[in-house]
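Multiple structures follow.
There are two complexes below, and they share chain A, which is joined by chain B in the first and by chain C in the second.
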Partner chain A sequence: MLNYDEILNIAPYSLNKNEKEKLLFDGLFDLTKYHYENCGNYRKILNTLNINFDALKTVSDIPFIPVRLFKEFNLASIKEDEIFKTMTSSGTSGQAVSKIVLDKATALNQQKTLVKIVSDFTGASRMPMLIIDSPSVIKNRLMFSARGAGILGFSIFGADRTYALDEDMNLDLKAIETFLDKHKGKPILLFGFTFMIWQYFYKELKKLNKKLDISNGILIHGGGWKKLINEAVSKEDFKKALKDVCALNNVHDYYGMVEQTGCVYMECEYGHLHASIFSDVIIRNTKDFSLAPIGEKGIIQVVSLLPESYPGHSLLTEDEGIILGEDDCPCGRKGKYFNILGRIKNAEIRGCSDTYEKH
Partner chain B sequence: MKNINYIIGNENTIDTPLEPFSDCVINFLNDVSSCLLKSSKIREFTDLSAFAFWARKANIQNLKNLMGGGKINRLGRGLCFHIAPSNIPVNSVFSYAFALLAGCSNIVRLPSKDFPQVDFICNFLKEFLKNYPEIEKRTAFVKYEKDDEINAYFSSIADCRMIWGGDKTIELFKSYKTKPRCFDITFPDRYSIAIINAEEIKTLDEDKLKRFSIDFYNDTYLMDQNACSSPQLIYWLNDNKTARDKFWEFVYTCAKEKYNFQDAVSVDKYTKICEDAILNSDYISNFQNVENLLYRIELNKIDENITELRGNGGYFYEYSLKNYDELFNIINEKYQTITYFGINPETLRNDIIKNNLKGIDRIVPIGKAMDIDVIWDGHNLIYELSREIV
Partner chain C sequence: MSNLEKYTNAFVQAFEIEPKDAPALKYQDIKAWDSVGHMGLVANLEEAFDIMMETEDIIDLSSFEKGKEILSQKYDVDFAQ
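Take a look at the complex of A and B:
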């Protein structure tokens, strides 16, 4: 198996296409073998799909499994007593949630990877941190939801962590103002989930007609645009709205998922999401899964060197995206840069076996 | 009740029965049919054109003759409450027409989801009914959001119910109180298979194979294999690899040309094979995937749990069948339709009866899986929706 600590010493956006292909292929090939040997369910899948290890020559040859499987099955490459924590996706009530099992090593590597990636955008020093969420989200430490895990994960970058919302998701203006007074003039880190920021922070400030000065802040947000697209709020609207209510100039979206925690894809100054050396996105034709060229939209496969405790190193997501380029983003970061276009449309079921709807 | 939207008719639907196949019903259906067939809209809705074709006077007259012709000494049961399926939109209309032919008056609960062909046919029927007051009085099409009270109300006044929509819907509707004599016809989740004689495939030339693959396509891909009568598992008699591969090659070509392949279906199928790998790998001897369009899962054994193996959108299980006995051993009441090619259906039907099987209601050639008619799911709907006066 690869030595992950060595990889952590490589700057996260420093490898060009060929260098990265080699690094990723060696790591992913080993992980594929490792999970084949250690996870019975994963082995059954590869056997059924007739995967021949000798035929795996490039990163795109590495077999992928649908991300949905983590909602239906226990997929672990570690023994029960090695489980350090189990992470879950934050599905709305009634929906199945993904369950991801972590051992200590994988959990630690996730944290270290996140630090490497994010500090490329925020700098290495810790900043006072305003979390745009409610502290109640992280109360249950045993079952980490994606939201809780995100907050805790990013908390490592912050000092004097303060929550902008109270236990009931109301804007805690007093806490915010005290925090801003205390750290006047200093760079500030803000973190939250895209929809929560919009719904409970921006809209409330707007309603109260309250302007805050956080012009020295840097906001990192993630969690997806699904709900905002429904409200017809674009990326640009989002940025402009925040600039209006709190003078924020520095806003970075990120793409990530609980099934591959740690190796997030950060948005650069040019509005592009970037793949670091720890992971990559592969765009495939949504119908036949053949590789899509740069500039063509398709379904997103994500690969990551991190997952050792569960077979999540190569996953077929249900998101669509488009690669904008590789190694040549004007921001200077190497690797692929891309956009997310949202989830693929649910299939319209025709037929009578699945006719149960609300009565 | 305030939350009921009467798309057609009103709360004053009468429950006076008619004779089965009464002239006014036959004429009404024929008028609807000929106007539908002339409508330019019909091309958009192939399912409605199937209905229009079925509702022709010649066909209905034929059905009437099959059921005993002029004098069958029957009257409709009264008021029929239809719980229409939400995903084969056209069955709402078929269900209505069957009960009307049997002599019932009707309250049809349409699925709350909107379908363009349902909107279209409702507007169409509404206009036509103006000329048929006797039928208009016996017709209501309703829509409403989830509502126990309304479900219970319609159930309480019904003399019979047509409950489509599978096991869960049936369970729900059986929980409502009905008249002691209320007669329910239920359409639970069913399972269907195909039997193909490989020897006969070998005799087909390219043209015939092409036509045959279109028939198979219409039974399967056209409705994403979601219909209960759509085959899930293909049994090969006199199995022969060359014939099999040839057949699938033509099916693939046909699907490539015709299938409206939705993006999510490719992910669903890929997920399904992974699920099958985890849950059912001991059944699977081989797997082939052609561009995500055609999934072939070859099985090495069959048993009574095989009805759990279900695919959608071009996801087929197949098995090399030694003889009918092997199949008869596992057939239970879940089995609905056998579509066939190259076998003698009479022999098969006789064998099913001789072997006292609890399943299989229908044996039809490949290409006819979707053809719904008054005998469906083992029920003679005309007889069951009417009462015989002896």
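Take a look at the complex of A and C:
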């Protein structure tokens, strides 16, 4: 198996196309074999697909499985007593949720990977952190929702962590103002899920006609745009709205999923989502799953070197996207950069920030 | 309070354990020292010594002993005091 600690020493956006292809192929090939040997259900799938290991020559040859299989089957490559943590995908009532089992090694690698990627955008030093969510999200410590896992994973970048919403998702203006007062003039990290920020932070501030000065803040948000698309809120609207109510200039979206926690795709200064060396996106035509060229939209496949405890290293998502380019983004980061266009038709509506239903 | 006492105290408060049980502890040995507890421990240490740890050090902080090493080498905490 690959030595993941060595890979962690490589700068996350430093490899060009050929270098990255080699690193990913070697790692993904080993993972495919490993999961074939250690996960009975995964073996059955590959046998059904008639996978011939000798014929796998490139990253795009690595077999992929639909992400929804994690909702329908128990897919684990570790024994019951090695399970350290189980993570669940978001899912509103009535929808099936994915269950992802982690052992200690995979959980630790996820955290280390997240640190490498996000530090490239925030710098190595930690900042006072305002979490735009409710502390109740991380109450159950053995069973994390995607939202809880996201908050906890990003918590490592923050000091003096403060929640902007109370237990009932009401804006805690007093806590926010005390926090901002205390850290006046310092860079501040804000983190939250896109829809939560819009619904329970922006809209409330707007309603109260309250302006905050967080001009030295950097906001990282993720979890998807599905609900905001329904409200006809674009990326630009979102950024402009936050600038209006709290003078935020520095906003980074990220794309990620609980099935591949750790290797998130961060949005750069030019509004492009970037693949790091730890993972990649491949766009496939919706009709025959063949490779789509740069600039052509299709279904997103994600590959990642992280999943060792479960066979989630190569997954077909239910999202549609488009590769904008490779190794040549004006921000200077190497690797593919892309945009998410939304969910493919007929897929279940699902996204971390879309799961909170206020009663 | 000596620095060692302050250090031990951070573990005692984060994980609700007896001071005598702290020195042998390793990350994930006990339920309380999971990833949530870990961030609580870091907050306690930062407050006790008025420091701001780097993310890499937070990840490396894998045991009571390792933490002492990190704090003394990188944050000038003198455990002889």
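One rule holds in what follows: the second predicted complex is superposed on the first by the 346 of 359 C-alpha atoms of A that agree within 3 Å, B and C clash if a C-alpha of one lies under 4 Å from a C-alpha of the other, contacts with A are read in each partner's own complex, and residues count from 1 in each chain.
Here is the rule we go by: contacts are C-beta pairs under 8 Å (C-beta built on N, C-alpha and C of every residue); 3 or more make two chains touch, one makes a residue touch a chain.
Computed from a predicted structure; not experimentally measured.
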Seminar exercise, completed: Larger residue footprint on chain A, choosing between chain B and chain C, goes to B
Exercise. After lining up the shared chain so the two structures overlap, which partner does A:K345 touch, if you call chain B first and chain C second: first, second, both or neither?
Worked result: first
Exercise. For A:P66, is the partner it touches chain B (first), chain C (second), both, or none of the two (neither)?
Worked result: first
Exercise. Where does A:Y270 make contact in the superposed view: on chain B (first), on chain C (second), on both, or on neither?
Worked result: neither
Problem set entry | chain B versus chain C as contact partner of A:F53, first or second or both or neither | neither
For this session: Please work out whether A:I45 is in contact with chain B alone, chain C alone, both, or neither, and reply first, second, both or neither.
Result: first
Exercise. So which bits of chain A does chain B touch that chain C touches too?
Worked result: none
Problem set entry | Touching residues on chain C, where the partner in the complex is chain A | 28, 34-36, 39, 43, 46, 52-56, 58-59
Problem set entry | Touching residues (chain side chain A, partner chain C) in the complex | 84-85, 104, 107-108, 111-112, 115, 119, 124-126, 138, 141, 152, 155-157, 159-161
Seminar exercise, completed: Note: in the complex, chain A contacts chain B through residues 41, 44-45, 47-50, 65-66, 68-69, 72-73, 286-289, 299, 316, 318, 320, 344-359
Seminar exercise, completed: chain A partner, complex, touching residues on chain B are 85-88, 91, 111-113, 145-148, 151, 164-166, 168-169, 172, 187, 189-190, 223-228, 230, 261-268, 270-271, 273-278, 281, 284, 287, 291-293, 310, 312-313
